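By written order: A, B, C and D. Residues from 1 in each chain.
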């Protein structure tokens, strides 16, 4: 099989797994998860093969792997759809394949496969735990298996399919398809425990919020198609002179160029998908879903998809960029990105839910990438995308493992505490060593612990990119948020693992099965090593020890004459300082918090409140958008329009019609139709039927006789009329 | 000038041809007459040969059943068949009332003819054969159909319910057994790439019984069934239906059936040795083609001995057992062996040795697997056909009188 | 050599005899026989055309093979139908199977 | 009038005679037997067309299988086998007329066709090329689809026949 066909086949197995599980194996849990796992594994295998083949290819950017087929006839041309593996999609494919596989494996453990069914579990609610009676008569509670186990695997399989499709597709349309499928899956998965009202609301919220972005994105795609006549990356986006043309022609909206307008439109889609500032609200609520889902959504797939799209359309937004004055689109991206980074980081400071912290940190990290794209350091953004995917997946799975252990403790010691609140934890270091060390690695990577962790390199590259790009403001913002990131990461780690257990549940928390810890280890390895492929040349001491493979590989994508060189050491120093300082600070403050103590952050007073309540954005939206919408639908459309006007009209018509109909019946139908026509015609029909009846002898041979006779006659006649000349 | 040991038939043919031309016959007439003569020769020889076969078989059966067999008439009773022949010749023909005359009389002739026709395509040596038909095998299968027809005609024609039952059984049995037989015949065809019998023989550098043992086995069993001999002689199961299709036949007509059966048995061993044992192939056949004939006869007699052993040592099948054997074992097995031959034969055709070994082993493996499977699937439980009768009890009178 | 016309005429005659049989016979099995005759006529035609016009290609033979298969299938199913009809209604006369009578 | 022509006329005459008796004989069993004769004669016609393969196949399939099946069916339907009353429908004259019409129509059509009197040319030395036939049947650009469909048809016929002819359940 040629490598091109293999690329086509990458997304297929999860889709098949989805179909199989949904249609056939829904009630055999073990079969379901093995099917799903097989699907993910196959895709992973194909992905790895393709990746290493792609790495081997000489100058991949110029001649990428892939093929295309005619898909939709558009008038006289064809809308082509195809697959392509160029550097960006190659690296994306790499981390996507790994994280997805790990998440699949992890899910088996997370949903308590092999545990007994719960006493009073029912679909739509998280498992409550099952009671085990021992022979000795003692009984104790253990975790119980997820009631909708198979459904979960079906959904994440579909999710994985969508993500692979999005990665391998060579045009924005197929990407959009995968994008929307993912939107649907995230809706289903966030609302996976649909028995919880909060989960339902979160699902709807996520769906609608991302939809807002998607509408604009669709506008952008349509505009792009009408402007360039193609949605293919190479035909449309990488086609420089076309981009120049778009950049120069004005769109007439806000004085933007066409390129700028389309770029911004599509970028709004990115904002929705990867939860940038105005549309970030859905993401923290998405924590209602099971933890593997959070990891899928936040690390591996959806939000990465947003950034991936942003990277894809970078040529569009950067069209007409000369290296110094940013294009309007880039300015928007830089602004929103850096703002989101800071903003989310501040919120993350004050959250107590272990997963919410990670959610906000995700938002801020995504802000990093967007900002990096905004200041034009394309490679840095991609690099951070990869590393972030690894360590954030690691963090989420780790937090899930913590929660899982806590739940175990909660079930064991019947004190009902929230297993996700960090202030109920503490001292888990000894209870859950694997989780602790991997989480530590992840956290350090997130906060950019110097030299060893991957996060450091990518973040440093972003900082230096923004600094050398001359965007001091962006640089400062990002640096500050980096400091905060390190701080809240350390806060989280120390609250969770260090110090003394603050609850009985935490005392009895226990390490999870290898099926959950093994993925953590694997991801931890990547979280450390993924950075080493991108050590900048200009870096003191280490620079050039390992060739900066990543930079050349991805940098070859577009001709980055603008990519700034590593001139000064200021960004480096900054990143060192902020990372170490933040970590140190966090450790000092949260080293050991006694049970029931207040969060030291509260000393910040009003600021803490603001952070705690997320700047009241949700409430704002609630008041500004949702209430009015509800009011309009309630009062205006329903009460006034429906009840009064429409119903009145309809009932009037109904009454009139009724009267007319009865009159008609009395004076026309009964006398004329029934008496005259009906009976007469039926009589006639019966008579004629009696007459013709004998023809229907029921003997097949008679029918054949007639048929053949007719054939002969018509044949002869026809032949004599027309046939002779033809012969 | 051909030497005598190369091809005596041709020698004689050339001589006769010259003779007839000498009498002033036109050439094609001479050819025609020659063909007729050849056909007559080919038809008569087996019939005569059959006399010896009968003796041979009866001798062997006698030995198997631990008795002497014919040993009175002539040395080792070798003239016994002649005596029987005489008896049969002088017996009376009885045509039952209400018999359908034409089929009734046609049946014996067809039954012999269907066997003799097969001899027309069997190569006796490199050059000696009736006709080198390029579709010999399908011809042979067609002849099998004719034999079946003969039995049906007999069963229908002689207005007799046992005969009709025998005919029906014959139809069921023979049609069923034609399926695996044809498939097992396809294996040599695939291996040799030809339907012509002589080509198959010439391609057999390795006897096909090594390349396709399972097919050989199936062909052996099914062809014995086709010939309707024990253990497959339900067609004329005397204990159930008096004598089956030939109940109403007497005299020479019965003799025809008799001869046809023996000849068929011999013919299938002939076919077997031709298709699976390499026919006339053997050392020095190139120098002395006549040797091929000898080889063929030797092989054939070995196989024929097996057939007789088969007959003498196995009890008769029950009809359901017979159908089970055919449909549940032989047919799937033949399909499997056909498939594996199709898969393996071509890729390995380059290296004969490897091909032979591989095919042999795979065949055996398939055989073992399917047999064990069948063992499990077909428990040998008897179908209860009637209640067990109560044993005889000593009746009162005797008790009293004693 | 035999001209093609003989074969065609022969086939036509055979076909019509079969047709007559199909239309006129009472016994369903006999009808089936008629059908077989017609199919044979078709085969004769096909082979004749193959031999006279297309003997370099194999199309004619392929058609004949397919017709043979179809004939076999038709005979099997037809006979099965007849036997089951006989079992249910105890007759094989086609004109007594007239449940469709109006 | 070459020997071959004589042979053909003979065979054709036999075939048609047998066919006529097949469709007209009173005893259904005889009809079946005559049918077999007709089919065998058709095989001989194939032989005159130098299609030996199909001649053999014709014998094997028609005489060996189909005709036998027909006879089997006749035997199974005993009553039909025994009754020797009139075997023709009331409509048989119409049938006769119509088939005669068909015949005339066919003859007219054929005789007005250009290639009617085509003489055959000699076959290539390979004779009828069975190998080519076999490859054509499984060739992608050839007839593999009809071939597979035919096999499907056979399977379907097999299953259907078993189902139809099997004893109705509950009896």
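Note that in this section contacts are C-beta pairs under 8 Å (C-beta built on N, C-alpha and C of every residue); 3 or more make two chains touch, one makes a residue touch a chain.
Here the structure is a predicted model, which is why all the values come from computation and not from measurement.
The remaining chains, with subunit A left out and nothing else moved, touch as one piece. A separation of 67 Å divides the Cα centre of subunit A from that of subunit D. Averaged C-alpha coordinates give centres for subunit B and subunit D that are 29 Å from one another. If each chain is reduced to the centroid of its CA atoms, subunit C and subunit D end up 6 Å from each other.
Each chain gets one centre point, the mean of its Cα atoms, and the points for subunit B and subunit C are 33 Å apart. For subunit C, the set of residues touching two or more other chains reads 19, 23-24, 94-95. Each of the following residues of subunit A touches two or more other chains: 699, 701, 705, 708. Under the contact definition stated at the top, the residues of subunit D that touch 2 or more other chains are 53, 57, 65, 69, 72, 89, 91, 94-95, 98-99, 102. Inter-chain contacts occur between A-C, A-D, B-D, C-D. Those residues of subunit D whose C-beta lies close enough to touch subunit B in the complex are 29-30, 33, 36, 52-53, 55-57, 59-60, 63-65, 67-69, 71-72, 75, 127, 130-131. By the touch criterion given at the top, residues 699, 701-702, 705, 708-709, 712, 715-716, 719, 724, 727 of subunit A touch subunit D in their complex. Remark: subunit B residues 100, 102-103, 133-135, 138-139, 141-146, 148-149, 152-153, 156, 164, 167-168, 171, 175, 178, 193, 195 touch subunit D in the complex.
Within the complex formed with subunit C, the subunit A residues making contact are 693, 695-701, 704-705, 708. Note for the complex: subunit C touches subunit D at residues 1-10, 12-21, 23-27, 29-30, 32-34, 36-37, 40, 43-44, 47-48, 50-53, 55-56, 58-59, 61-62, 64-66, 68-77, 79-84, 86-88, 90-95.
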